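In what comes next, chain A is part of two complexes: it sits with chain B in the first one and with chain C in the second one.
The block that comes next holds the complex of A and B.
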């Protein structure tokens, strides 16, 4: 299976974004509800930490820092959270993948296009809601525009990292048919170690160490920590290095899983 | 003739899980799953010329769809060779995928929540069809398949017949050189079947597209395919003209006639050495009789009948459905594959490998 040298098909990719966009727009109510539900966990956790901090600080973070952190996290979470991996398994199991395989472009295009389209559909609502929350709750700490040149590329890398890991896990449906439980484990680890349950700096002992070395923090918490000014330059550089290594490593694994998975799928029939 | 598709000793073996029924075997299979091998396609060979239209026929589970999937690149063959439009399909090179169209009877190319026009446009972009060519093709397909009123409708709102026409158009947007049609008229009413058949025939004639059709509707095959390939239990049972299949499998004719009035109500007219002529009475209604008679016995049988003052004597070929039924039930014994072998030899390289 020589899928390695397939040239980019940007026209096809953009057409798939358009296709998904039209589909999602037709069901926008459903997706907006989803987007709001994804904001709930950070919002609740923000209130928990704000209440816990009271008028003092926890790990150096006061009430206003927690509000800033979680409002940023809400946005970054929406931008980095992929959803296509939840449906790829179904497409493999139900044989829809056959239709994708008949097209002259790799199946990852479908997944990328679906996620891009979903962000276009959901982000306006998420931005409005976050802005309203920021006004009502008082956005505590200003964001340093000087950090944007670092934040934006790290955010993009976080998007790719979170997507590529979830996508790779979803490809395991080529062997297991059902991937929901595996994807749920991934989501739980993101919740715990990526800075949702708590900023990773507040995690205790081994969890904190794990969050520094595992990929999950670099999918979500790391860009938030950068933009809210929680990291030193050295910490940013170290984080960027770990993020890049994970991205490269998972990308290599994804290529291998894809090749083997397609070979298995085309051996067994769709 | 230039070959569009050459298939040589193609084989596909599936490995499938199996276990006995009951709780204990179910638990046991968790610890030690057992598998069995199913040979879906068993060493078939054939070659198709550019622009040929061929019917793949065979009973359910014969290996037709599996063969089509291997030809399209969706399945990796266990062994054997395929060369389609100069490509090995299982490599799934975009340049090959752009040259084929595969209409899968139970899978849709259309996007449920998109309009038909949008679905076509997306396929146009994916296949890199330029705007001018797309406009021309859309006009042509819209005209031939009467899609004008459907372009602005969502795929999920279409009836079965409307969707079938749109599905067919969707695999033709990029003007493929080879078209694989797996049950293209499945579930359609007679009128819609006729229209789709007419379209496929016209399309094949106009563009010289190589077409392989599988269908359980014999009318599709009879009206479209001068050549049929019969697959049964994974093996190629017949490859040749449709008319030849009848001669091969059912070397008999149907003799119909009316009894003279004097015979009605009395004892049945005795037939001459009926057993020797292997004539079999298969239908009897009022004064009408239908006998099935081997071809070589037609003349003596007819001569005898004419002496007995019968009327309205006709000699007919058996219906194709009956022939196919015969094939599916009994198979074809010792079918020579001479034609296929000759074609394969002609297309082979000097070292014996396929070109």
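The block that comes next holds the complex of A and C.
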């Protein structure tokens, strides 16, 4: 199976994005309900930290810093959170993957397309809700426009990293029938170590070190920390290095998982 | 009346038989519950690594609150949730037109759609919730009373009785709100509105007092997450306020009646699935 080596087929890719976009837009009520549920965790934790900080500070962060951190996290979370991996397992198990294999496109295009389309469909709602929250809660300090040239590439890398890890995990459905458990572990680790439960700087000892070396922080918390001015230049450079290394590492693993997995794939019935 | 109790048993037995056929779901559910617990308790521990109290709630009180949260959700997933999901969820009876057959059953419809499905594996969640409650409440009892300005001083037994009363109010509220959201599907089938409940109830992981102004009022009276989770937890930590509890009871009674009316008016709108 050489599907992995077909050169970039952008026209085909865009066609897939359009297809997903149309079908998702038609049921946007459904996806907006999902988008709201993804915003809840950061929102709740924002209020928790604001209440915990009171009028003082925790780890150098006061009320307004927590608000700007978590509002940014809400947006970045929405932009980086992939969803296609939850359904790839089903497609492998039920055999519908064979339709994807028939296309002159690597199957990863289907996942990329559905994730891009989902983000486009959900973004208007998320932007409006975040803006309303920002107005009500007083989004004051934080964002330094000068950091945008660093933030945007790091955000894109975070998107790719979070996607490729989830995608690789979902490919394990080639071997085992149930991938949900593996994906849930991934989600919990992102929750605890990526800056959702707390900005990674506030994690206790071991967890903090773990968050610096494991890939999870670089999928979510790292870009947020950059744009809210929580990192020194040196920390940004080190982070960027760790992020790139993980990205390459997981990408290599993904290719080999895909190549071995696709040999085992026999569609349904087999 | 006796007939309805017997029917409850029949529904339970039917669900038991169909669910025990899929034993893998038991371990999968167990695993998911453990993961969620790890996430919740880990998150709580991280916060308390940096502070000793949130809005007057200590670690043990918040752990008890988490226990209440998991217990209420576990009970909802055990019986009311699955039935209403089968009614208004994706490809539920209202989508497929199967509701025709529900209406034909010689039982009171609201009773039938509420209790016909049981999700047995939720007992795992309930068991874990009870363990968390037991551990945290015994820690609270050992550490003595919490000082709060308007708290009446209750004995330990009194607190537990109050907790049971508050939990009953909470369950009635959960049922009523869910029934209203599920009945909305008679009018609007775009998205299962019950999912909104699942999102909003998450705010109950923490005491409703941490939320600012308008949000707190909405979470107390509009979508009464405060009454569902914070108030029973306050009963356990000995900071309950009888006026609030009475208010909750009135709200529960009002919402229960409103939900029944709303459900019945929804049925009148029902025109089956075909055009």
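In the analysis below, the second predicted complex is superposed on the first by the 262 of 270 C-alpha atoms of A that agree within 3 Å, B and C clash if a C-alpha of one lies under 4 Å from a C-alpha of the other, contacts with A are read in each partner's own complex, and residues count from 1 in each chain.
What we mean here is this: contacts are C-beta pairs under 8 Å (C-beta built on N, C-alpha and C of every residue); 3 or more make two chains touch, one makes a residue touch a chain.
This one's a predicted model, so the numbers in the text were calculated from it and none came from an experiment.
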Partners on chain A (chain B, chain C) - clash or fit: fit
Which of chain B and chain C A:23 touches, first, second, both or neither: first
Following superposition on chain A: angle at chain A, chain B versus chain C, Cα, nearest 10°: 90
Touching partner for A:12 - first (chain B), second (chain C), both, neither: first
Chain B versus chain C as contact partner of A:105, first or second or both or neither: first
Touched partner set for A:198, first chain B, second chain C, both or neither: second
Partner chain(s) touched by A:263 [first = chain B, second = chain C, both, neither]: first
Partner chain(s) touched by A:51 [first = chain B, second = chain C, both, neither]: second
Touching partner for A:146 - first (chain B), second (chain C), both, neither: neither
Touched partner set for A:96, first chain B, second chain C, both or neither: first
Lowest C-alpha to C-alpha distance for chain C against chain B (Å): 11
Interface residues of chain A shared between complexes with chain B and chain C: 27
Contact set on chain A toward chain C in their complex: 27, 29-30, 32-34, 36-37, 40-41, 44-45, 47-53, 58-59, 137, 178, 180-181, 184-185, 188, 191-192, 197-198, 202-204, 207
Chain C residues touching chain A - in the complex, by the definition given at the top: 24, 28, 31-32, 35-36, 38-39, 42-43, 45-47, 49-51, 54-55, 190-193, 195-196, 198-200, 202-203, 205-206, 209-212
Chain A-touching residues of chain B, taken from the complex the two chains share: 14-15, 66, 69, 72-76, 90-95, 97-98, 102, 104, 107-109, 111-115, 118-119, 121-122, 124-128, 154
Chain A - residues contacting chain B, complex: 1-3, 6-7, 9, 11-12, 14-16, 18-19, 22-23, 26-27, 95-96, 98-99, 101-105, 263, 266-270
